[in-house]
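Note that chain A is present in both complexes that follow, paired respectively with chain B and with chain C.
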Partner chain A sequence: MRKILFQNRNTIAAFVIISLIIVASCNLFAITLSHTSFVTGTVLLICLLMLAGYQLRKKLSILLIGKTSAWLQFHIFLGLLTSVLFMLHIKMQIPDGLFEFVLFLNYLTVFFSGVAGWILSRRIPHRLLSRGEEVIFERIPLHRRNIHEKVKSLVRESNTSEKAAIPDFYEEHLRTFFEGPRNQLRHILHSERHRHELSQKITALKPFLNPQELAVLQQLTEQIQLKDDLDYQYVFQAIIKLWPFVHVPLTYSLIIFALYHTLAVCAFASTSG
Partner chain B sequence: MTDEMVESLLKAPPFSKIDPSGFKRSLPLRDILKNDVRIIGFDEGDIIVRRGDWGNSAFFILSGNMRVELERKQTSLPDEILGRRTSRVKTFWESLTQLWHNNTEPEVREIAAVSSSKATFHSRNTHGGTRIYLQEVSAVLDKYRTARLEPGQWFGEVAALGRTSRVATVFSEGVSQLLEIRWQGIRDILRYDKEGSLKQYIEDVFRERALSAFLRTDPLFQACQPELMQRIVEQVEFHTFGNYDSHQPFKQLLEDQNHKTDGREPVIIREGDYPSGIVMIRSGLARISQRHYNGQRTIGYLSPGQIFGLDEIQAEVKGLTPVACNAQLSAIGHLNAVLVPTALVEEILVQNSQSKSSDSQKKKKNVRPTGSQSVKLNDDILLSQLVDRHYVQGTSLMVIDLDRCTRCDDCVRACATTHDNNPRFIRHGPILNQYMIPNSCLHCVDPICMIECPTGAIFRDLAQGDIIINEQTCIGCAQCASNCPFNAIRMVDIRDAKGALIVDSQTQAPLTQATKCDLCIDQRGGPACERACPHDALFRVDMHDATKVEEAFSP
Partner chain C sequence: MTEQLQPFDWKSSNYERPANTWVCGRLCEEGLPCRLGPGSKGDCQVQSRCEPEEKGGKYQCSRSTLHGGKCKTGPAPDGTCCQPDTSCQPRRSLLARRRLLGGIAAFIAASLCLIIFGGASPSPLLSPGAVTASHAKIESNCTACHTAAEGGLGTWIHIAFNHETALKDSALCLKCHAELGNEALFAHGVSLNRLAEITARIQTKNEPVSTPIALQLASLTGPPATKDQLSCSTCHREHHGRKADLTHLTDLQCQTCHTRQFEDFQHGHPALGDYPYNRRSRIYFDHDAHLNRYFVKEEFKRTMPAGVKPDSCNSCHTPDASGRFMLTGSFQNTCASCHEPQIEDLEFPGVPFFALPTISPQIMKAQGAWPNTTGTFKTARLPQLMELLLEQDPLYQNAITQLGTVDYRKLNNADPDQYAAVADIAWSIKRLLYDISTDGESVLQQRLGNSHPEYLHLNPSLIPTLSQAQQIWFPNLATEIKLHGENKPVPATAAKASKTQTSRIPRDAGNGWTLSESDFTIRYRPLGHADPLLKRWFDQVIQSQTQALDRDPMWRILSNPTASGTEDTQGALASGRCLMCHSVDQNPETGLSRINWLPLPVSQTTERFTQFSHAPHLSMGQYEKCAGCHAFEPSRPDNSAILQQDYFARAPSNLFWQINVDGQQTCTSGFQPVSHQTCVTCHNKTTETQSCLQCHNYHAHKRMEKP
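Then we have the complex of A and B:
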């Protein structure tokens, strides 16, 4: 039960067999000189409605209608299967009509956003676990503010003379870093360049500090590490939380376009040659 | 208790039979009676203890008669008249209508439910407190099988000392007067009474009423001949380890980041010692550890009903030479155990092997071949953390595998939808390896939250074993919340259907009630959080089921 869908060889085999059956059925149906697009289109629309049903299942968590994990596995399976149906439906050609082209693009964005979400949901949990403290997403701004307040108080404490090194260093290199989420793209790309740069700047500053300032700098370094870890958690949690806001609205628009497309086809086209 | 009352108690049995000279000067018998004992009166039908409740006091009948319920299951007194919440699973339609019937405000209660005006049980204010009572005692006596307890008899002492649930419901037949003694008082009397009459009485009662049935819960004793079982019952030794108030030091321990407990745990059997018998756990939990450099490494733990030392005795029977224990057994918190002497265990093994050879295939299923049946994990560090943090108490421990969890919070939302728009857990907690243990009720095997509940509102559902709170009888005293070492019980302000806070009619203070995870006892299909997780990251583990623990925590 705990196995992910495509870790299961049987599921892959089922996908391949069903895909082959769909392709074979389509070819057989074509022998009758009927328009296969009508059949593939109808099946595709039913599949799209079933895929959208997963969102409804999530809302009805109190009902005994199967575990959400089972629904998700079915959702992924069916989603991938629609790509076979879609290719058969468009006969491997890019549509030339404007509306059909928009529909084509809409499907592709829904499909690829779904695949992206599937991959992200497998990759991001592991990355979140690998670095930083586990923090609830909504509380990250609060933690960030607390770190910033602590840094500011450390800087204030070390501001004993007119030309204090630490306050100057803070103003020049750290203020923007602590003010909000930073280096998102670098975190996504797993780059630690920004930390190396800051680390080099800190090392370069050390010869000019007295022992008390060195102690403060050490504490600042710890806060830099904490803040950077928090940024890392923030960016990955944000990606996984925001991803459905791309996939779900696109799905709804796809269903609306597909229904309009079906109505238009039914009104203006015949079902057989 | 006044000095006059103490004087009169000391002149009458059972205290007149106790030799006061054995007691310490700083803690004489007189002071124990003064501080740990009270006399309480009951009217006809008043319920004194209920089957399944946890209690920390025993009772001695001074005057009047008590009735103890004898039946179990179907024919026992129904939960409704005992003031218990009856668990009813919602229908499909009721579950569905929750979607639009749920109030927008959290924790909305029906005023009638809080004020008990619609309750099926009867309660009254009498003898300085609110009591639940049976309305027509004569009808109850006609309908249900009961036995009479008369003046001079004790009851409730086994549950109080063993920290186990009450095994029967007791109610007053007519007007009666009882002496209630806290467990601390019984413990001190047992310790300093030279004659040991009370200790003997308690042990005899347990031997007579429950020991045989308790031993037969283990496959080793199931095929035991009646004559041998009789001798075992007579010769078994009772042992208690650890501090009864162990949850209090544990709460402090949680604040200590080092989590060093094993050094302070009382040792039951040391590694390298020759076992004088097998130890069978009655209540509490025990740690199995082995020497590792200069410390102890946890390799397993035992739950109630599990045994230790059988491997060594089996090896001794086979090799005919004594075999020393290769691990140490120590008590985690408060523990009650029975020790079955080696000679008797050897007899059982011989008897089982004979019956096995005569009917090998059939008996193979009944007699466990080897092992102390402990819960073990391949990852020693993870196991040690689970034991040190007392998560092994859980019969339904919520675990989130962070390697799979996308932090989507669907579990929290599902919990809120099921429970008055207020989730009963927080998706935050300690992380052990890749497993997060969220802030949620564990449904402990030893539920200390239940010990001091004045109305018995928090109770273990006898059918399913879950710890649940009865909203009708919860008075919001917060005793359970302060006792829970995992901070899994939260006090919430309750509201009426319009969303306004329900306040006390006299003080105008907002009324609060305790809330916690109830494993969605009234929902079809069990916990909503578990069913709502799209990645199977959230699951629950019974920490006393060795197979499930191993399966759950295998990477």
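Then we have the complex of A and C:
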């Protein structure tokens, strides 16, 4: 954390300075009996449109208007700055009106989902590197199937009329594990309990197996690790893929609400401020 | 070490297209995608089954090489394909789902907005919050405050870009808040000229002050344009809850428009000047003389035997219900014990309103009865009311013209050739009496017209006394008038016959009017304090004749503050000295004058930038310590003379008194002005009780409620 802060010291300093300038300007503006809400609201709306424009920038990748990574940094910076503007705009109070309360909640959801996404996009890649192989998210079902097919093949090979320990073990403990993504919450929580439990069961099985079966079991163990790592990759990549499902759609509704709010304010605020 | 899951060579690795709208359904369900993938419209492109073609009576497989080529088995004899259907139902990609969700969210938001904004009038859902409790009754009626509420979305769009909306909305505020005056939207509710005048006055003060840094910086953003009208919402922001304070402003906000800016009340606030004595008190009262002279050593008992000495300040002054004002006790409770006998003035015969001049029988020969034949008329002129009533009488005016300068004290000294003119005067007076006794008040209305309304509808009425006088002095007046009208000689016996009748008629009705048979005069002696006739007369005369008041004989009598009497009313005249205590103020804008019958104004219509409430100060145990703030002026040996100068002034003739109508004239009232340092003792940074709004009003013309 300290390292991150140090690396971004210029950005943090710029953010703090700009925030202080905004707060001070707002307070000075308020002294002159001006409607600071109009100013903060106007700037906030412009910021929201610019933030939403980031999505457009991603679409227009052919245009040479700076790197997308730079745009992302700007998007994050501006997004955080809107929180300062927003707090000044609402004067640190929860709005009483229903429409404004919806707008308030909408903004908070978009903002916090953005912050969450920002944090996740910084944290998850490190975790993804720490375990398993980096795989393309869209191909995970394919890899899962391949693993499962291989496991089924190993099980079939060890299924003889005399001995059925491994097939039984597969049916009892491994089938559901290999059929789909499992233990997602435990992966999120960084828990390896399920692996330990499986490991214990495998260890308990070993005394009853002959050398051929032990070799198969060893291969199965490798596939279990492979599948578990794949699940790990899946769940964290899914998180990265899914948080924009909150952030982006609600941004559209936020802009629509904000535009209507602006219209209402301009028409009615001369007696309410 | 586990094996690699993912090959990246171009042959064994598909090129993923996550930006596509559709992905293979088999990939999602089974992890076994086809190499073709779904079409752009979400259709599966796999054609595992074909439409066998009939050639020569046999069906042949028609599957293309792209879809796996011709199958070995071939079609069934009935022409159906032998291959199972392996097509899938493609699914939306994550990106497509996100787009769809975005579209749904935008649609819901837009629909919700259209529902809320689409009505003919604003929906309650649009309200940004509850209004203050004082506006709660009109909360549901948006049009009461918002011009935009009169229409729908189209109107709002139009109004949103209209710069005059704020002022139009403010006009709606003023529909209810009419007490703020016509210029409420200008800074401080005063006219631009007045504002410039005040600003110029303040700028002339060169007391060194340091402007707070926040105000210096704020000035860079530009303060509101005080030369234009300001909307109410500049300061009052609604829809912040029932308990919101609409009048809250910080000290810095108050000062943002001011040319003289300072840190706080403790540091840099201008001196209070003469406050609260920047105008004279409405009732003339010399505190110093009363407390330090009259009531010392019980000296007042000598001249005011029934007088009661006040114990303390609150013997006369008590706070009103709000605690804001220190009310002055009523006359009966405070002044009457000493001054009631003075005002009743039982020895004073009264102010003459009607009198018969002395005319000798020689002149009145064959002119009917004339009771006042002996002695000397006391004044050169008739009483004021008589002169006014005879002003429009041609007979009287003709007689006056013939006589030249008339001195009623010497009427009997007229030349014989002027007897007829003197007799005409007598007949004019008789006609006046006759008309009044027969037609009453309408005669006054007819003769005085609109020029002297102060004499109309006198209360108590003069008519009964005049009728009574006619019956006593001229019992056969009707006959005399008739004979005189026929130019016949009128016998003078009538007056003698009346002598017997007069004894039965009460001479004094007990209503202030007295009829004197000794000098044939009708006088009015005020009934006491707050005499209704004099009060009404003063109120009317001061409105209509301020320019010529000093030449008005009646005014000279009734407004004489010296009680020294006049030619008409010899001797002390305490009962006429209403204006001895009740000052007169003139509105400099309208020119209208008003007598201050009460110590506090009924309604505050003049500028009032400062307010003060005694209540919090009294609750702090200062009640008995009024002198802590209101200290006597120690340096002046005789305040009475100074005080009187503020109220009364000698006319240029030095014979009569002029009323000083300048209410703003400084008057010490015997007290030192309240010191700024005295206030700072409590109102300072430590106690956090030095806000501007604690003492100052923004709306200088806001009328105050009657205390």
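Here is the rule we go by: the second predicted complex is superposed on the first by the 262 of 273 C-alpha atoms of A that agree within 3 Å, B and C clash if a C-alpha of one lies under 4 Å from a C-alpha of the other, contacts with A are read in each partner's own complex, and residues count from 1 in each chain.
We adopt the following convention: a contact is a pair of C-beta atoms (placed from the backbone, for glycine too) under 8 Å apart; a residue touches a chain by one contact, two chains touch by 3 or more.
Bear in mind the structure is a predicted one, so any value in this text is a computation, not a measurement.
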(message) Based on the shared chain A superposition, would you classify chain B and chain C as clashing or fitting together?
(response) fit
(message) Tell me the contact category for A:I124 with respect to chain B and chain C: first, second, both or neither.
(response) first
(message) With both complexes superposed on chain A, which partner does A:Y260 reach: first (chain B), second (chain C), both or neither?
(response) second
(request) Would you sort A:I136 into first (chain B), second (chain C), both or neither based on which partner it touches? (result) both
(request) Could you let me know whether more residues of chain A are touched by chain B or by chain C? (result) C
(message) After the superposition on A, what does A:E222 contact: first (chain B), second (chain C), both or neither?
(response) second
(request) Please work out whether A:L185 is in contact with chain B alone, chain C alone, both, or neither, and reply first, second, both or neither. (result) neither
(request) Considering only the touch criterion stated at the top, classify A:M92 as touching first (chain B), second (chain C), both, or neither. (result) neither
(request) Tell me which partner A:S61 touches in the superposition: chain B (first), chain C (second), both or neither. (result) first
(request) Considering only the touch criterion stated at the top, classify A:R144 as touching first (chain B), second (chain C), both, or neither. (result) second
(request) Aligned on chain A, what is the least Cα gap between chain B and chain C? Give it in whole Å. (result) 5
(message) Using the superposition on chain A as set up above, list the residues of chain A that contact both chain B and chain C.
(response) 134, 136-137, 241
(request) Would you pull the chain B residues touching chain A in the complex into a rising list? (result) 92, 95-96, 98-99, 402-408, 410, 413-414, 417-418, 427-428, 431, 434, 436, 523-525, 528, 530-537
(message) Per the contact definition, I'd like the list of chain C residues that touch chain A in the complex.
(response) 2-6, 14, 16, 18, 23, 27-28, 30-33, 94, 97-98, 101-106, 108-110, 112-113, 116-117, 122, 125-130, 145-146, 148-149, 153, 155-157, 159-161, 165-166, 168-170, 172-173, 214-215, 217-224, 231-241, 249-250, 252-253, 256-257
(message) Going by the contact rule set out above, which residues of chain A touch chain C in the complex?
(response) 25, 27-35, 93, 95-100, 102, 133-139, 141-148, 222, 225-226, 229-230, 241, 244-245, 248-254, 256-257, 260, 263-264, 266-273
(message) Quick check on the complex: what are the chain A residues that touch chain B?
(response) 1-2, 58-64, 67-69, 71-72, 120-121, 124-126, 128-129, 134, 136-137, 237, 240-241
